[in-house]
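Chain IDs A, B, C and D follow the sequence of writing; residue 1 opens each chain.
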Amino acid sequence: MKQPTFDPGLTQQYGHRLRRAINPDGSFNVRREGLDLRNANYYLNLVSMSWPRFLGLLLTAYFLVNCLFAVLYYAAGIEHLKGADMSSPLMEFASAFFFSGHTLTTVGYGNVTPDGLLANTISSIEAMTGLLGFAIATGLLYGRFSKPTARLLFSEKMLVVPYQDGMSLQFRIANKRSNVLMELEATVTLMTVEVGENGALQRKFKELKLERPKVLFLPLTWTIVHPIDPESPLYGKTEEDLRNLQMELIILIKCFDDTFGQTVHARYSFPHSDIVWNARFEQAFEIADTGDLVLRVDRVGRYKKLAGA
Amino acid sequence: MKQPTFDPGLTQQYGHRLRRAINPDGSFNVRREGLDLRNANYYLNLVSMSWPRFLGLLLTAYFLVNCLFAVLYYAAGIEHLKGADMSSPLMEFASAFFFSGHTLTTVGYGNVTPDGLLANTISSIEAMTGLLGFAIATGLLYGRFSKPTARLLFSEKMLVVPYQDGMSLQFRIANKRSNVLMELEATVTLMTVEVGENGALQRKFKELKLERPKVLFLPLTWTIVHPIDPESPLYGKTEEDLRNLQMELIILIKCFDDTFGQTVHARYSFPHSDIVWNARFEQAFEIADTGDLVLRVDRVGRYKKLAGA
Amino acid sequence: MKQPTFDPGLTQQYGHRLRRAINPDGSFNVRREGLDLRNANYYLNLVSMSWPRFLGLLLTAYFLVNCLFAVLYYAAGIEHLKGADMSSPLMEFASAFFFSGHTLTTVGYGNVTPDGLLANTISSIEAMTGLLGFAIATGLLYGRFSKPTARLLFSEKMLVVPYQDGMSLQFRIANKRSNVLMELEATVTLMTVEVGENGALQRKFKELKLERPKVLFLPLTWTIVHPIDPESPLYGKTEEDLRNLQMELIILIKCFDDTFGQTVHARYSFPHSDIVWNARFEQAFEIADTGDLVLRVDRVGRYKKLAGA
Amino acid sequence: MKQPTFDPGLTQQYGHRLRRAINPDGSFNVRREGLDLRNANYYLNLVSMSWPRFLGLLLTAYFLVNCLFAVLYYAAGIEHLKGADMSSPLMEFASAFFFSGHTLTTVGYGNVTPDGLLANTISSIEAMTGLLGFAIATGLLYGRFSKPTARLLFSEKMLVVPYQDGMSLQFRIANKRSNVLMELEATVTLMTVEVGENGALQRKFKELKLERPKVLFLPLTWTIVHPIDPESPLYGKTEEDLRNLQMELIILIKCFDDTFGQTVHARYSFPHSDIVWNARFEQAFEIADTGDLVLRVDRVGRYKKLAGA
């Protein structure tokens, strides 16, 4: 049995106008169609959306539910809301609307109160609805807070750097936040587009060997180094070769966020156009007068070109 | 010491009318008896039941607790609820019931208020009960939201597909949802019913070798391939052989849900009647004009029969 | 360098009246002294205590906080609580107490209301206290619900069972609950008391080899088997030998609770007095008319003595 | 390709006045600069700060939000708060402030009530704000409770102890709390400052071999032992050598907290000045009359100097 070709789970099928495999934010360029509604994960969406959208949605829901119950109270007869302002139809509806608010939030001032079985029943159900709704909001807020997020900063460029007797490919990462990341593991996969067995263009994947694929801590920066030795698929390749191969490097960093007790992953990719030849990263930290190390997060990607390249 | 026979934790004992070992939804055909009540996990049940049942249960509990406290207020004397409608016994009970609702939900309009030590004491306890109840509901709702669920879609059929110089057994999976699944591992166990050492029919279990038992990501589909080479227990077996052996393939997919930071498992099984001979999966994704890959979730199981079989 | 003796983390020091190393409920016979208060984990205690104690504590706290604020309102002057019953000092205090309840639970009927800066300030603080208290209670309740618990049932006895050409030591486990346990691993450590290098009695620890240390699933029972072959430290030992060695078997089962996405452990120990010689476990499940397997949880420990022992 | 030098993720760059690499509380001496605000993790900060600061922040937020809404009510016209005390501008503002409190906490006594569209709209929004705020507080409180924390106690000193034919380096740990820690793993890294290849001072890192790098349980103490055999980088080194090398030992303990189902890490470091030569730890536990083991947490670091050193 021949060794199958390696594929990290992306497709080997090559399409001409295909965009990069993984975006800088770690997402894939994949859409899903043909889903039925039962599989939609509303919780996932509500927990992943941006804060302004989430808060907007909550306020909209609050407004709509109030409107709905206001209509119900109005239909049941505004005269069953004792204390309501009945000076005009508009004020009647406004009274029903604000009474609905008192009930939904369980404020219950008591300046307007339900009278009779129907209005009382509606308000009983509304108070319960309000409590459930806010229980759901509490769950969603905690879900948003506790969602694992590794905010790793990748250098904007990969460098080809002199290394021992030859060259190496290097990029650098740092933690943008002050939470403690531990037991970091890096996996770097080379993706190229080559002519396959059947004569058509195919994506090929190869995992690159790293000088040091794991570190214990990440208080500062970590420079991930692939030595371009004779065993490397990049050995002897020129800038033009890489462009022709449509090279893309797919990066996966796995680590343990010790502050939250969660395993988190960061995905990134460097297209061939992000490679800088013959350069070296500059140091991204300084030693302060206090003896503290000061990490300059904005300098993680800073490099200088080497002379004589 | 002889090598013991392999058993993944299902039984080797064979019973004639035994159903499939694992259902398509991943559950086992096992009931539990002889449990004492202390081991019942009410939280587990409340978190696992369907949404309509869960919400129905909450509403029923709300109604019953209100009834209970209404009876208490009524027994303590409706005259101790100032503002209650005392026009008839029915309205008296209704007043007690709705006052109970005001208290349980902490709306507390104040149109009806407790008067005297007894009614005040009951309402104090009820307000506390209400808050605890809604604290419990909040916990249950979050428990329901955050329960790990891998919604993997399995192809309806397993295919026997030409592969290199021989044949292979293949099935395909995809993620129904848009959460990011990583580090997927597949385990495929063959279960057959054979004559055992003692002459009786026994279940036998063998793990099948996979072309590629792990992938890093699952943005699209993953075709899991068992090559039917001479080492395979399926080598040379015909459709009839498999039916006679009552073959069933037990699938376990383990993966890491990066969106929620949880390890999740999916279980599935293919009985021998789900095998299609000499067919091939059709591609389940397209490349859109934008360069995006579009996964057609409804085509994950689509295959075509091959000619000359 | 000599190989150090193995110790799973219990002590090798032997004391005559020492009790079993691990209790049947998985706890250790160890108390802690000399702790300073800052290390007390109140959350741990509140989440681990029994339900009746926990609810009792909540109610007591509710009562005491109400008393505290009642005293404050009383001290600030009962005349600043408009609507309070001032017919007697007792009723004055009761009014303050129940008003405190209205505020702490945020019911706020409004039959009694604060008047003046001082009473208003106290009630503002109390309402905030109440909300925080119930936020804490919500957190504790969820913490109690979601605490990982593997409720594994161990057979009461270990059996010495004929096995292949010799004997084996066996015990059996089952899951008491219906949650799905996966990827179970068993570790069995033999503890004996022997004369050590320095002539004094010492505990010795040895890990026992298992026929099958892992299973994938636990829908039914799992019989864990240590073959007493010539390599086993139990080879040739009699019942009296084991009593003299004060033998105890320390069991650790690690598994993944797929329903909650948590890794859980179960600890147990069998003292030598729990060994039954020459017996065999009876089957703990039946096949129902429906084809379902029915696990009889109360029969997990059932065995029968073998003749001719 | 030469073997790269080992670095656990701390830097090899040596600066003269650099402080110890890891503080006794496990934190790193690293500050972060150049961060943009979007990467600040407010949740992380709120969950990590001390309890007094956290509660102070909550109360301040409560006070400020009340002030804000009081200003809004006041601006909308105090005459729209029916029941407000309008005896003086101060009392008017106080009324608005306390009414805001009634609304934000959803107490809603009803002695003061909003009148007209504007006041009603403001109070509707405030009630919603209050509920959201307390949902956030609930999430933060649970986040604080459930944050993983291993409270391991390290002996204050490392000892050089006679061991077999030579010496060993030892330190001791215990669990300060009564939660169950399992599957402990220790990693000990030696950091020295030496003249590097380029002639400048450099930090060097070497992992030290341990007699027993893992234990299953930690009910008592665990003495972690590095034998100073000829393979050890410490072999033959004197107290002065270690001072000249600015030796520091970086300790990482990884364990599973079975009570909370979380993997936790503890970091610690021993500078060379914390080494005691030729001493031995005293036993930190006693056997009580009941047969219980009693761990004296305050004696975990207790040792005695050996004669003839």
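Quick notes
In this text, a contact is a pair of C-beta atoms (placed from the backbone, for glycine too) under 8 Å apart; a residue touches a chain by one contact, two chains touch by 3 or more.
Since the structure is predicted, the reported quantities are computational estimates derived from the model, not experimental observations.
For the pair chain A and chain B, the CA-based superposition corresponds to a rotation of 90 degrees in steps of 5. Taking each chain's centre as the mean of its C-alpha atoms, the one that lies farthest from the centre of chain C is A.
Of all residue numbers that take part in the contact between chain A and chain D, under half occur on both sides, making this a different-residue interface. Centroid to centroid, with C-alpha atoms defining each point, chain B and chain C lie 26 Å apart.
Distance between chain centres (mean CA atoms), chain B to chain D: 37 Å.
Along chain D, residues 102, 106-110, 138, 142 each make contact with two or more other chains.
Residues 58-59, 62, 66, 94, 98, 101-102, 105-111, 134, 137-138, 141-142, 145-146, 151, 164, 176-180, 182, 184, 211-212, 215-220, 222, 225, 227, 229, 256, 258-261, 283, 285, 287-288, 291-299 of chain C are the ones that touch chain B when the two sit in their complex. Residues 106, 108-110, 138 of chain C are the ones that touch chain A when the two sit in their complex.
Listed in rising order, the residues of chain B touching chain C in the complex are 1-2, 4, 6-11, 13, 15, 17-19, 26, 28-35, 39-41, 43-44, 48, 82, 102-103, 106-110, 113-114, 117, 120, 123-124, 127-128, 130-132, 135-136, 138-140, 142-143, 147-148, 187, 189, 252, 262-265, 267.
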